[in-house]
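Attaching a single structure in structure tokens format; questions to follow.
Chains here go by letter, A, B, C and D, matching the order in which they are written, and residues are numbered from 1 within each.
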């Protein structure tokens, strides 16, 4: 058990990211309010990105921008996670915009943000 | 583990929990904005300046703006709130 | 926000008397929560099954007590799931290689090559830019199209036909709300600040795009900055002013041109590379603005696409069109 | 390098560009562009299939100047080329068959975006089929998700909006878990390329380190992709989304999109982790079990439905169960059955949905069974197509569905006693249940007791609709009668796949 805690403390970025992921996941699943769901989704995504980026960090090294022509790989951190997270951030903003647009339309139609209620109302309606 | 990182990470978790429990939608979006800002500082401490710029512009800027625009549309906030919200987010 | 959601559902379900799967259980996790074998849940599941015949009798009982109980159960279940998920993932984390150490498995020959040969192979001093636009350029092509497909989806959802908008004959007035009365903005502080910030954000965005090969940034971040500038200008000076130089036509032209140029450049690059031909691209001076060969035009294309997409999102949300 | 080897890459990249162009063209022009391009991709994929069959091998196509661990790459083998050809062809036929519905259901200003979404979806499906890199898979999974949600909501109604929202939220949950899986795997192996990861995973597995993380990662991948492909406990979003969309969308989503994710899962299982790890971690048993549940509960759900399209959607849940049972048998025969089922379902379900669209046309837009009485008399071609599809789903010999059941039974007979019993029982029960809901529909649509309202109605002759249905019928019967050829190709493809 002390080992477990010690490891968690060493990997504190990952630990925080995982906790954040859990919270975001739960918010996404459990809240019936659409806006809350979307925020939860964003937390979840951010958590994964934090997790990923922490994989690339190496203590005492610099950002992978080569200065003075010194391209010694042992001086810079890992550029791969950064690139992947960049892609991820753009994906998550796209998805957020889409979900928010859906929320607007649903609100226009049903005047509520509660997904359960919306589902119930939609069931009553005829196409 | 530096104290600074620890505080920032703890702040992230507090933000996430408080969004989950708060009842005010506007408040949760503002919390989300501050979450994004802290995140962009964290990218800097992780030596990823590219991400810091993108997160500040996209996460704290455009995404939050879209949230505000949505809230405005669904009449969750008054016009004044919307304006002030947009002001803040554009400063980044 | 709506506290009565869970209860309303229960009442509905009792009233209807039929167990409609989707109306009652929505998410698998919810189901999973009910499936977990705690005493309370066992009770709840048994109630679910026995409810059909004695619905009316139970309803009054639920009206008294069911509300609190169900809500509490829901909370308990959600916290339970959250804790389990976090627990499992934390255990995984405790097995992972140590954070920040130089000998974790992610640091391998691929990383070494990205850093050490970035200048000679891609002409960029920013290894991240070299990696996302040249080494793994295909991913980034996909990423640009994710943004495009999201923009199209938002257009499908929120766009209102411009002719209807102009003549005030709105199909669905709710779609616009009073947003149109909301501009131009007369807030003095906002306008003064915007006068200063709009040019600044444009210049900074351009700088970030052009210097993406040698300093942090690139197409996406620079584009988002420029998009934020456009949004700020339309908030402060009204949409009319932005419409003068950036309307519907302009948006489509810019977006199509940027994405096509990007795809063609990438296709040329990949085709030449894969077939082993010389691609005759001058890599430029590492560290300068003209560096990175195709990365600079790609960054510019992506930057403008992102900028106008971001503005398009905002305009669609505010007034249902560009 | 020969020209034909460039085709997979060209189909992926130019499908994206085709989508971009469709977004600015008028709907009619966009339709022509999209259809032409899909025809071309079908031909190109077939050419690749012929090429790989002739060379009897696979080749790796690097996406750029750099070889694999540095750059992206795609891997083209017989199985991939076969899937690409089938998917592309089915996409083309589904679009053709539901064309008039697309123009009727979408707002006229936005109909061109339907073709944008189809092109992008096709591109992402190609990429998912060919990709050799996990992160590329993630990016294209996202395109796939958004585009398929857009296809649902292009028919603008309250129900589709709600269905889209729930579909999107569930899909994004799946994506989140999938991405977390990729990231954790990257954390312990440091690679994103499938072959390199496979090497590292073998080392790790042999050394016994990271035992728990590996299990959790496999779990994350499985759950994430199972949510997206609507495996049994996660299928709640599917009937709404597939049942309310326009005919072509339902056809494409049921026939192709679900399969795209399953192909990714198969790749991850067999190319990244390898059979040993999967068997040791007991994941396949779970998939097998859930697959069996899906076969039963999907059919039960379909029996309860009175709405034809929702019934077909529930039937998709059951059919996805067959694929997972095939994967869960974790034997070569099981995998052959899974691949056969992917193809058989991809050519059968779109036909059913498009025929259903035709019935709805001649029944005043109603979808319930009672309104559809006698629809097969009013739309004879649709009636024939629906009958063929239904018989195939039940598993009558000489139709596509029979081939699946045959191979699944063979696979089950080869496995252990318990698995065999469960699988055989499930196949028998599911066949019975399928018959229970498809046969009444067949009787219903050919019944003479039409309600007076629609009695005189006759279907308008539409060349695209007829062409699509005739092609589907021919494909179905062809596949059912000459399955030996296709199964042979699948076997050869699976050999190259590392099975």
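Brief remarks on what is shown
What we mean here is this: a residue touches a chain if its C-beta (ideal position, glycine included) is under 8 Å from a C-beta of that chain, and two chains touch if they have at least 3 such contacts.
These numbers were taken from a predicted model, which means no experiment stands behind them.
In terms of the stated touch criterion, the partners common to subunit A and subunit D are C, listed by label.
Common neighbours of subunit B and subunit C under the contact definition above: A.
With C-D and A-B as the two chain pairs, more C-beta contacts join C-D. Mean C-alpha positions place subunit B and subunit D at a centre distance of 39 Å.
The distance from the centre of subunit C to the centre of subunit D, with each centre set as the mean of the Cα atoms, comes to 26 Å. Each chain gets one centre point, the mean of its Cα atoms, and the points for subunit A and subunit B are 13 Å apart. Subunit A and subunit C, compared by their mean Cα positions, are separated by 10 Å.
Shared contact sites, meaning residues of subunit C that touch two or more other chains, fall at 1, 22, 26-27, 89, 91-92, 95-96, 104, 106-107, 110, 114, 126, 128, 136, 139, 143, 146, 149-150, 153, 157, 216, 218, 220, 313, 317. Multi-chain contact residues, meaning those touching two or more other chains, occur in subunit D at positions 135, 139, 142, 146, 149, 153, 166, 184, 186-187. For subunit B, residues touching at least two other chains, in rising order: 25, 48-50, 54, 58, 62, 66, 69-70, 73. If each chain is drawn as a node and touching chains are joined, the picture fits none of the line, ring, star or complete shapes. Within the complex formed with subunit A, the subunit C residues making contact are 1-2, 5-6, 8-9, 12, 22-23, 26-27, 29-30, 74, 78-79, 81-83, 85-86, 89-96, 98-102, 104, 106-107, 110-112, 114-119, 125-128, 131-132, 136, 139-140, 143, 146-147, 149-151, 153-154, 157-158, 172, 174-175, 214-216, 218, 220, 286, 306, 313, 316-317. Across the complex, subunit C meets subunit D through its residues 21-22, 25-28, 31-32, 88-89, 91-92, 95-97, 104-110, 113-114, 121, 134-139, 141-143, 145-146, 148-150, 152-153, 155-157, 159, 161, 252, 255-256, 259-260, 263-264, 266-267, 269-276, 279.
The residues of subunit A lying in touch with subunit D in their complex are 14, 21, 25, 28-29, 34, 37, 41, 44-45, 48, 51-52, 55, 80-81, 84, 87-88, 91, 94-95, 98-99, 102-103, 105-106, 109-110, 115, 118-119, 121-123, 125, 127. Across the complex, subunit A is touched by residues 135, 139, 142, 146, 149, 153, 157-159, 161-162, 164-166, 168-169, 172-173, 176, 179-180, 183-184, 186-187, 192, 244 of subunit D.
Interface residues of subunit D facing subunit C in the complex, by the touch rule stated above, are 1, 6, 9-10, 13-14, 16-17, 19-21, 23-24, 61-66, 69-72, 109-110, 113, 116-117, 120, 123-124, 127, 133, 135-136, 139-140, 142-143, 146-147, 149-150, 153-154, 166, 170, 184, 186-191, 200, 210, 212-213, 216, 227, 233-234, 236, 239-240, 301.
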